[in-house]
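Structures for review follow.
Two complexes, one shared chain (chain A), two partners (chain B, chain C).
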Partner chain A sequence: MTLRLPRATVALVCLGVVWLGFGLLIERVWTFGNLASVASQLTVLALLAAGQMAALTVRGFDISVGATAALASTAAALGANAFGPVGFLAGPLAGLLVGALNGFLVARLKVQPIIATLGTLIGCRGLATLISDNGQVVVLTDPSAVTWLAYGRWLGFAPSVWLVLLVVLVLAVAIHGTVAGRRLVMVGSNPGAAALVGIDVAAVEAGAYRICGLFAGLAGLVMVTRAGAGLPADAGGLELQSIAAAVIGGTSLSGGVAPVIGTLLGAGFIQSLLSGLNLAGVSPFSAEIAVGAVIIAAAFVATAPALISRIRSGSTNQRTVP
Partner chain B sequence: MTLRRLLLATVFAATATAASAEGATIGFSLPSLANSFWISAHYGVTSAAEGKGVEVVVVDAGGDGNTVQQIAQIQDLIQRGVDAIVIGATNGQAIAPVVGQAIAMGIPVVGLSSPPANDDIAAIVSADHYDMGKLQAQCLGKAIGGKGEVAMMAGPTGQQWSDRRADGFRETLAADYPDVEIVAESRLADNRNAALGVAEDWTQRFPEIDGVYSATDDMAAGVISAFDAAGLADVAFSASNLSPTAQELIKSGKLACTSIQKIVAQGKAALEAAVTAAEGGAIDKSIVTPALLVDESNIDGVDLSDVVAPSDYRP
Partner chain C sequence: MTARLRRLPASLVVAAALFTLFALVVPRFGTPGNLENLARVAAILAIASCGQALVLVIGAIEFSFGSAVALASVVAVLVLPEAGPVAAFAAAFLTVVAISSLNGALVGYAALPPVVVTLGTLMVAHGAAATLAGGLPIDAAPSDVFRWPATGRIAGISVPVWLAAASLLVLAFLLSRSVLGRRLFLAGANPEAARLSGVRLARTRLAAYVLAGAFCGLAAIILTSRVGSGQPNLMPNLPFLTIAACAVGGIPLSGGRGTALEVLAGVAVVAMLNNATILLNYPPAVQLLLTAGVIVGAVLVQSDAVRRVFAGGRAR
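After this line comes the complex of A and B, so read on.
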């Protein structure tokens, strides 16, 4: 239990330091408008990171989330143009299918996660290019029907911010408050023990990848609301940001921990950092180096408690379960 | 209630800081600084800003596909309270909603070369891309002796510059050199490395090719490497733009010609238009810089200061 507190706190402290630091250095950071702006930018990464966390929890990971989101956004835009509002469901559905494929490859066929999801990454990019006329952006026939979700205001924030928050909270409740959620954490922390008590480990692992795919699909939907278009070539690099966000949020790369709120804070930290560097007018190249360095430092701090306790306990095999 | 009070306090703080801003600040959102075009445009914008004592805040989306990133960066520029924004779009239509937000908040937007698709932007600065394609057709048609097979490394679809250049090339070739046949066209490659890969395939499939059109000099550099590696001589190459790499290729005789646009001049014009718009002044809605043809005969005489950034320039 002593480890539980630091997990989410590292991300919270990082987030606080970024806002404090940039706020002291440059004006216009501590404004409600900027908070709302960063929150709306955060929506895509928050969903990708939350899904990524599910895959990490069962000792896997998914590098196809960016490509899946791009494919889902394209499918949603094509669906909406063909069938009206109900067609947007093609986005989450596409994400779920990709997640199911990843789950099948990893959990049933025992393909290494990096190989399986690299394969689907390339496949998703190809498919998105194919269905979108050579990677062309798919513009909605009526973009304003959805862009209000990204640029409108509900209680000061964009409607998409509230919706993403709701979805992430549902995931938190599902993981921490249901039997299925506990199985997910249990399989991640000790698959052998989970199998001994009668849990179908492969089914749970496959479920984690479906969650990851579904969340990437929802991220694709959010991309559509921000651009008013499906973006087949977009979201490159976000897979790595999503892993960084989850790790800074306290997710362990060796599984067994599912800190949903920490992950949300971790994503908030990365987005705030990127945004702060933009506001500061730092040269884009230096900004990239800074982001990389800070992410490594934050991830180190986030993983340090587990490392220290492992060294103290004198055993490298012992796993830390909160 | 306490939450509402807190929100109100933050809003007041926001308006207070907004009022204390001084001196013009111009945002510059561009698709990719890995691209020689945008390096030259960056040079134009920042050097014009230095002359005027204007601060420029540059954000780089990091790639032509990174629309989500560019949308977030434009939101940041809005929050930064810039007085006007110069935008080279990753995709003109996909960033239109966020650009609409900027315009709605009273921030004038100037499109540079790849403009946002909004109707109400203050101005669009661009080259005459159709003429750039046309000049390539005239040069390449002559270089291969008026007949034979050519291939087109035409650049991305759905972008005004590449579409107009390809149209100018195709239509001029059909009119002036009817005996020249276009045997291959790729719209997939948009950088040197991708063009190299596509051109390697061409050397296998179309060994009889006499000439290759490339939408940019970066892509032409990849194409030339592929044909060199395949040992296919007697192929003529044309391109657009004049980066230091293209200058070398022309001087060494590997590139027959390149049709150029005054990129630095465009960057300067965009910055000037943005500053004038920020001050509420009147500007032309469309600013077009003419195309020029450069080959071995005139390369030493061309005034490059309006065309490309110096070769040692780092953004």
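After this line comes the complex of A and C, so read on.
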């Protein structure tokens, strides 16, 4: 009935408009250096948004991703200082553990996702403060080994950009090409039907939160490479941007859709908008207004198909999705 | 147990138990001075939570409180020199109501998801507050009238506590005695049934948000008066605290249920916990971990899954 466009279309158009608009207004936007710089800044948000998308796909919600990334960055920096390069694994591991806890609370104990992840948000901030000498940044004893990942050049881009792209592509293949991935989408689109065909719905939901936590942990690792330090008090507000990126990318808040590439483009759009406003000399405060407005606009776009079909069928049936 | 007692929210028992425990264990917790301080701090949370509860009842949520109060404080301080304290407070109140009304219109009439809408307006309001204030707090000229909502007293009891009590009574009346309250519950429990029985969903949802804004606007007045300045980062965790208080009190985020008594119990638990960890001089990290544990724990204790275990496997 409605015209079928790929879910990533909206994000792609938004991305195009931002680059076209700022490119026409400001010099130096259409340079490879700027593109590489935006791509490098994008890495953290891209990972958080991809993880958030997994949680949204199973009708969940994770507002702890920013705090989890901050905790993971602190754990990774402490681990690296204590055990050498192997210690960096403490970051993703911390993220995975937080994700597992979220999954346990939501899928097994049936705590509402907002409450469960609000609890872990506060808990992660507490834990990060606890292990980092009251929230001080944990400086790496030898940052040169990892800052190369964020500021070096490999085929034109920072190595971390390629690594993040690789991780996100792996997620895309896993979701669209494996049985586990199909289960994830199916549980999100219709949990009842999924249970009837023998899928362990709670296990799949818990898995989605573990993916979300793991990706937040990887984002924490990227934060370490960018700052050369663990940042226990950082990444606040990124949870909102990750949700916005996923929604702009075509993720439905009522679950059942997992557009990985769209989410990546959505994150790219938000980061490009922020960078563009910054280049245009707009204050970060005003840029925040723009991002907030974009989030609401994204909600309009995301709900437009349902709204149109509702108007056509003359029904005013509407469900709110908390 | 009698049926009447059984109808009391479980969270009220939790609150009473926590109070007894703290009174026995935490030094200075039970002193009149501390209890008054506790009540004054809890009052702001209680008033804002009344608003959050109304929105939760319709199955929606409100995040924009966090920066709505900040924008309100900045607006109040900017208006103050020209128009005086009363107009400043009115401006603060209307600022919050305007933001919540925008949320209500977007959630009600445009049927947008409440989470996304209110997170969006949260960012817009914070950006606006920081832009207006230039990123830094701006001081208000101190005056008795400006300080009164936070520090004044009526009959020996401080004004915020009176206002919190009034807010809870208004909420109790709205939820259990008014036609609007019935509509809110119906819209939250089963929107389709509500619509079929003649409830205008969009208008009802807008009403819930506007009233929520009114409660939060009152909280914003007290907060502004207390800090005596316009703060772009005034209480950013207010939405989380109010949601936590309501959830701890036993109001499900899925909508359709909620009472003023549950709000009171939830606020009491959250506020007492904060107060006790400060009195015990725990480091901030431990305070955060304890808060996280209590929020999740209190919700868990009231969850069906855990109740079933205690009820010996009986299905509810």
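Just so it is clear, the second predicted complex is superposed on the first by the 297 of 322 C-alpha atoms of A that agree within 3 Å, B and C clash if a C-alpha of one lies under 4 Å from a C-alpha of the other, contacts with A are read in each partner's own complex, and residues count from 1 in each chain.
By our rule, a contact is a pair of C-beta atoms (placed from the backbone, for glycine too) under 8 Å apart; a residue touches a chain by one contact, two chains touch by 3 or more.
Every value quoted in this text rests on a predicted model; they were computed, and no experiment measured them.
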After lining up the shared chain so the two structures overlap, which partner does A:Leu279 touch, if you call chain B first and chain C second: first, second, both or neither? first
Could you look at A:Asn134 and tell me whether it touches chain B, chain C, both or neither (first, second, both, neither)? both
Quick check for you: in the superposed arrangement, does A:Phe61 touch first (chain B), second (chain C), both or neither? second
Between chain B (first) and chain C (second), which does A:Glu27 come into contact with in this model arrangement: first, second, both, or neither? first
Does the superposition put A:Ala116 against chain B (first), chain C (second), both, or neither? second
Touched partner set for A:Tyr151, first chain B, second chain C, both or neither: first
Contacts of A:Gly126 with chain B and chain C, given as first, second, both or neither: second
Is A:Leu105 touching the first partner chain B, the second partner chain C, both, or neither of them? second
Could you look at A:Val44 and tell me whether it touches chain B, chain C, both or neither (first, second, both, neither)? first
Which residues form the common part of the chain A surface touched by chain B and by chain C? 134-135, 237, 283, 285, 288
Chain A residues touching chain B in their complex are 27-28, 30-35, 37, 40-41, 44, 133-137, 139, 143, 147, 150-151, 156, 223, 226-229, 231, 233-238, 271, 274-275, 278-279, 281, 283-285, 288
What residues of chain B sit close enough to touch chain A in their complex? 7, 10-11, 13-14, 17-18, 20-21, 33, 55-60, 62-68, 71-73, 75-81, 91, 93-98, 100-101, 156-158, 187-188, 315
Going by the contact rule at the top, pick out the chain C residues touching chain A in the complex. 58-61, 106-107, 110-117, 119-128, 130-131, 135, 191-192, 195, 201-202, 205, 232, 240, 243-244, 247, 252-255, 283-289, 291-293, 295-296, 299-300, 303-306
Touching residues on chain A, where the partner in the complex is chain C: 61, 105, 109-112, 114-116, 118-123, 125-127, 129-130, 134-135, 237, 240, 243-244, 247, 253, 283, 285-296, 298-300, 302-303, 306-307, 310, 316-322
